[in-house]
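One structure is given here, and the rest of the page talks about it.
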């Protein structure tokens, strides 16, 4: 059985943002005893991933690292019409991915102690982002 | 409930290829109202991911970026017996991943407007690639 | 229907380790005819991915590559309190990911001939790692 929800995130600054609570807040029915939560982002210049939920410095360091990994204005790039941050955003989103899957155990999301769900916003001036949440049981 | 399909893709040139239609064409029963599509590639030198479905320049730029990220003939690499493109192919496939999961909403694949499914072919002279598709509902 | 298992892996050296058999050994009920296996790692400084199961040199080359991709002591990094290997471990785990999904076909894991499941251990002195396995059918 699959329950689904659409969550619209407000526009966020370029960078990494913890959205675990926003996702849980958008799930209006109780989670099943056992199952899987699937979070899908319907965009190609932002991604989702799992990482540390405690120290804001981690978010800073992710942004710094990914900007160096896929910098703007790389020689040879052709897809430049949407701005210098667009093609790097596509690349970064392919690297972190567009979905996360998390087990549901005893009616709760079975994240590790230090795990949170990240929205990875790679555009300079992004609109809000749309997530499709599926709860499988 | 799970429906499964095997899709054999013809050999493709090294690079990124949009295979959304090939996947949908291989699914012979109607999609369920609600569920999840899982696309799995049974290889270690090619991957699958989601990205932009419109501008062919994006495909070009992906190929250029990943070749720089994991170039051939890196110093210290030991797994060279299958050719200089093989170990970089393993690395690239681990980075983009071997499966994508996409929600099915109202009997249709809930991809965003600009999203398509990519085959990421990392070998110079690849054979055809085998995908296992699972439709969960 | 979802069956779940917790698998505790003993502490492993920094590097890439094939854990396919450890996972299958922790699944005590027969796999369903058709379904999906989901492997989730509850940590933020280790990851899981799929790659080559044959040549140990591949494991060596992965470790070498990822150490160069996200080296220790990068300028500008702020999250240094847990040691120079910690922030790179967060980054690497976001790149390889925290879960793998593999189809189950005819009661068996439908891995390709050369595919195995990797534990990617990115810390120098890691404790054991906890996996949550979900079998969906």
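Remarks
We just call them A, B and C in the order they show up, numbering each chain from 1.
Following the convention adopted for this analysis, contacts are C-beta pairs under 8 Å (C-beta built on N, C-alpha and C of every residue); 3 or more make two chains touch, one makes a residue touch a chain.
Worth saying up front: this structure is predicted, and the values here are computed from it rather than measured.
Note: Cα superposition of subunit B onto subunit C, rotation of 120 degrees, nearest 5.
For the pair subunit A and subunit C, the fraction of shared interface numbers is less than half, so the two copies use mostly different residues to meet. Centres computed as Cα averages put subunit A at a distance of 20 Å from subunit C. Residue positions 69, 95, 97, 101, 136 of subunit B are each in touch with at least two other chains. Interface residues of subunit C facing subunit A in the complex, by the touch rule stated above, are 2-4, 38, 40-44, 69-70, 74, 76-79, 81, 87, 90-91, 93-95, 97-99, 101, 130, 132, 134, 136. For subunit C in complex with subunit B, the residues that touch the partner chain are 32, 34-36, 49-52, 55, 57-58, 60-62, 64-65, 69, 95-97, 100-103, 105, 110-115, 118, 136-137.
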